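The same subunit A turns up in both complexes below, where it pairs with subunit B and then with subunit C.
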Partner chain A sequence: MYLGIDTGASATKAVIVDRRGEIASQAIVPSGVNFKVSSEMAAKKALDAVRLDLEDMLYVVSTGYGKALVNSTSKSSEIACISRGVYRLIPSARTIIDVGGQDSKAIRISKDGKVLNFVMNDKCAAGTGRFLEIMSNTLQRPIEELSMLHFKAKKPVKMSSTCTVFAESEVVSQMSQGIKIEDVIAGLHEAIAERIYTMASRIGFEQDVAFTGGVSKNKGFVDALRKKICLSPVLPEEPQIVCAFGAALLAMKKHKEKP
Partner chain B sequence: MDVLRPFRTLLSIKHDVARSWQAKGKHLVGWSCAYTPEELIYAANSIPIMVSGSLEPSKHADVYLPINTCSFVRSCFDSALKGDYEYLDGLVISNSCDNRNKIFDLWKHHVKIPYVHFINTPHTRTEGTHNFFYDEIFRFKTSLQVTFGEKLSDTTLKNAIRIFNENRLLLKKVYDLRMKDPPLISGAEALEIVLSSMVTSKEEHNVLLKRLLAGASNRADPPKGGVRLLVSGSVVDNSKPIRIIEAIGGSVVADDLCTGSKYFWDLVSSHGDPLRAIAKRYLDKVSSSFMLEPGTNFSHTIEMAERFDVEAVIVFALKFCDTHMFDAPQLVKEFEARDLPVLYLEWEHSLSGSAQLKTRIEAFLEMVKGVG
Partner chain C sequence: MKLNSRKKKRSRVLQTTRKIGELIVNYFSKAWDVKTQDKPVAWITVFTPVELLYALDVYPIAPEHFGALCSARGTILDYLKEAEKEGYSQDLCSYSRCCLGYALSGLNGPMPAPDMLVTFRNACDVYVKWWQSLHIHLGTPMFIGEAPYVLTYDDLNNYVLDYVVKQLEQLIELTQNKFGVKLDMEKLVNAVNLSDKASELWLQTLKLRRVRPCPLGGRDSASDIFPLVVMQGTEEAVEFYDELLAEVRDRVKRKEGVIEKEEFRLMFDGIWLWHAFDIIKYFEDKGAVFVHEPYSEAWAFRLDSSKPLESIARKVLSMGLNTDIDLRMEKFADTIEDYHIDGAILFSNRSCKSWSAPQLVTAETLNNQLNIPYLMFEGDMADPRQYSEAQVKGRIDAFMEMLSES
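Moving on to the complex of A and B:
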């Protein structure tokens, strides 16, 4: 068995694959402020589910922000892991849009799964999960509800800024003007979709387009981005663990290549 | 003996080095743009000192500057406000980019400096601008003579040209140590070597370079090598970003930086009138992105990529270095036309957000190697 750990800015994910590369177990825990602790927790949770110990893992690959702090056999970039994970789950994908807690990425891959090009957001929360987290806080609605409310919107508002700080005060002023919460939420989803579309346009879109990362679990956001790029995306069953899954697949590959 | 240590040391104690020259009776003249004719300063019994910044986030400068100011000049101004350059006897300003111009206007206003001279550098190359630039160089010569009471004769100028040309030729030889794979010196070391030439006497630097060239092949701990990279950009005045790249599997073997190859690549002709030769060299040198001749400054970059046999390119787009950022998309196309993978990296002079920079560089290197 092989373990992949993706210590993200917001959540830590662990995936165990068997020797055929099939997912045996998976776990998602909040990253909190200590990446080492969260990665150990995620690994333990995934290991417990299949009643195994860390020693049973033939190879461990860590990735994500906290990868340096994780006890692993080797480390790899998120770009490589996401691409590997998507290639296995959706072989027809040529473009990947990954939106996580702190980063958003667009990746172009070849038909044999090699990374051809990629872009990442600048160090700014606009167009990431953090943006939505902060807005859900401001609106006092749990993040899970944003998706449901999105589809009730009749007249999504136009946000004039995707800067998280400015957008927050804009949201407050819209709410105080009596604009419906669902229209504000749909407007927020459109704003981050716009931002990601602009970034990804630098490397272009080729079908199929896969969406991954925790934010892709938000159907409202997926709807907004789908409309923006005018292409139907393909979504994996659990978008949030694709990177950790790719890390586990990489662990398998590296173990097999070991002399 | 470690033949590379002296260069790092010079940089780490650069202000002390400068003061020690002052104690020996030399005038210290700061400069910022690589278009400053340093030979004239040298001939005026002075040491030209490159004004640079630090990796610390700027504090004092933010009070005076708009947010979209080039992070390099912001950092330089911050150092000046802190008093890091209070020892300077003079400062030479040149109108290269707008940010730099305006910073020095503020500098003159907020930091006391005994002597400030402005050189008007043309942004095009025609017969007319060459004549104009010669006049500017002549005016600078006169100004230095009057200010420091030193006589700049043809002989002293020719001597300065000889010393500076020797430095340039030696630096080229040092760069050629990176043609091998793995290279004999790392990219971070090469940058430190060039930067250290800007903080001390070139004559002394030449001695260190000769020692390095004699001893480089028997280094105890040579670089391990990696993906052969060219770093393209404007100003990189600290080796830290290069160290970050080289710590994760890159091997920077070439550059087109104003603080790298562009600084020393062209020689001053040793024939004819020395002042004319200096004026011609500086206006005709490998151009910076502020020159209004789109594309002509790319030939040097391409030559570097080919000469040092690079596998990929990292474009270092310094935040708000607008002239360079406008040029970069066309440069990226030039590389892509030659099947060289390019990573376009926007970075702040203070290297904030280096975790994100690292992720991008790692993923890029994996992509180039076709592994991951």
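Moving on to the complex of A and C:
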């Protein structure tokens, strides 16, 4: 068995695959402030589910923000892991849009799954899950609720800024003007979709387009991005664990290649 | 399960490169000598005709270089904050903020106060406003020359050139009147010859980087440009490049590269990140060596001492950032081929819009015409607050994995 651990900015994911690369078990825990602890927790949870110990893992690959802090056989970039995960789940995908807690990425892959090019958002939180988290705090509604309210919107507002700080005060002022919450939410989703679209345009969209990352669980956001790129995306069943799954597949590959 | 610690690869910096530190110390102490002898010191921007100033017995120093130095030595923040306190925005070029902060905090450091401020608006518009601000804060007389943007090579011979020559004449006249000095023609010819010689030697050295394994890496080139940046027209610069060329030739002969096992040959586009210089080593540890940078080449200009003023004017005009991007891209494909480049790193610099904006053209060309993978990341050359190390290194990891797979 092989283990992949993805230490994301907001959640840490662990996936175990069997020797055929099929998912045997998976776990998601909040990252907190200590990646070492969260990665151990995630690994334990995934291992417990199949009643195995860390020693039973032939190879462990870690990836994500805290990868350096994780006890693993080797480390890999998120780009490599996401691509591998997607290639296995959706072989027809040529473009991947991954939106995570603190990063968004667009990746182009070849028909044999190789990374051809990629771009990532720069530094600020606009266009990432963090932006939505902050807005959900401002609006005092959980993200899941925002996701559903999105579909009730009749006239989504136009946000004039995707800067998280500016957008926050804009949202407050819109709410005080009596604008409907669903219109504000749809406006926010459109704003980050726009931002991601602009970034991904640098490498272009080739079909099929796959969406991955935790934020792709947000149906409202997916709807906004789908409309923006005018293409229907393909979504894996569990978009949030694709990167950890890819890491586990890489662990399998690396183990087989080992001299 | 075993923990895998990837062993760091050994990489070598040239012996000659190690002499740069001493040259820098001498360069600043000379400025103070000049100052104590009551001779004029000019603050200049880096593409200003230093040869003319030497011939007028004015000692030029470049605050841009000072900014890079402060950033590399970790002392820049105090100056940046001083300028920001005065109201200069963090969006301004960090070299200018550093210099203004230095001026505002009493000029206590290696750069003596200027007796004259000289710039030509060629690399960027920032120069003009920066120099005007210095003039306001320090009350020092200034000369701002205009260098029209070069759209065709004809501009280097037609009225555009004449226009710059005229301004050089004005600069001479102004300096003569201000300090009661006289332009020494012999000194001018000598300085022009020395500049030309240093450039020639540097260009020859850079050409040797086409060889596999590459004998001179990014950590060398980033330092080795120093004499051309601020000491053009001096004997010391020529001596330095002579020695450097000899050492590099020797490496080539011995087939000795920067790193033991050269796996990837990369181009770096942009100004180096002075505060995060270790990223060059980060690449080298992954088996990648920088073999070409437009930035390193930018400092070399061939000059003709039989027509000193025209020649200097051409240099002021044709500096890289003042030439149309299409002209700059003409030889790009050849460069990629000649240097056997496998990938490119484009550093999008928040400070320098002049450099970053045309990178979109470079990226397009790499991607669509040359099929060379590239990585673009954002940061600032001198302000460490505008840079996220973990994020950039994460990207480098991904890029290198991509290169090794392809």
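One rule holds in what follows: the second predicted complex is superposed on the first by the 259 of 259 C-alpha atoms of A that agree within 3 Å, B and C clash if a C-alpha of one lies under 4 Å from a C-alpha of the other, contacts with A are read in each partner's own complex, and residues count from 1 in each chain.
The criterion applied here is as follows: a contact is a pair of C-beta atoms (placed from the backbone, for glycine too) under 8 Å apart; a residue touches a chain by one contact, two chains touch by 3 or more.
Remember, predicted model here, so these are calculated numbers, not experimental data.
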item	value
Clash or fit (per the criteria above) of subunit B with subunit C on subunit A	clash
First, second, both or neither for A:M57, with subunit B first and subunit C second	second
A:Y65 touches, of subunit B and subunit C: first, second, both or neither?	both
Subunit B versus subunit C as contact partner of A:R84, first or second or both or neither	first
Partner chain(s) touched by A:V115 [first = subunit B, second = subunit C, both, neither]	both
Subunit B versus subunit C as contact partner of A:E194, first or second or both or neither	neither
Which of subunit B and subunit C A:S74 touches, first, second, both or neither	second
Partner touching more residues of subunit A, whether subunit B or subunit C	C
Intersection of the subunit A residues that touch subunit B with those that touch subunit C	65, 76-80, 103, 114-118, 120, 122-123
Touching residues (chain side subunit A, partner subunit C) in the complex	54-55, 57-60, 65, 71-80, 103, 114-120, 122-123, 202
Of all residues in subunit B, those that touch subunit A in their complex	346, 352-353, 355-356, 359-360, 362-364, 366-367, 370-372
Contact footprint of subunit B on subunit A as seen in their complex	65, 76-81, 83-84, 103, 114-118, 120, 122-123, 250
Contact footprint of subunit A on subunit C as seen in their complex	1-4, 363, 367, 373, 376-378, 388, 390-391, 394-395, 397-398, 401-402, 405-406
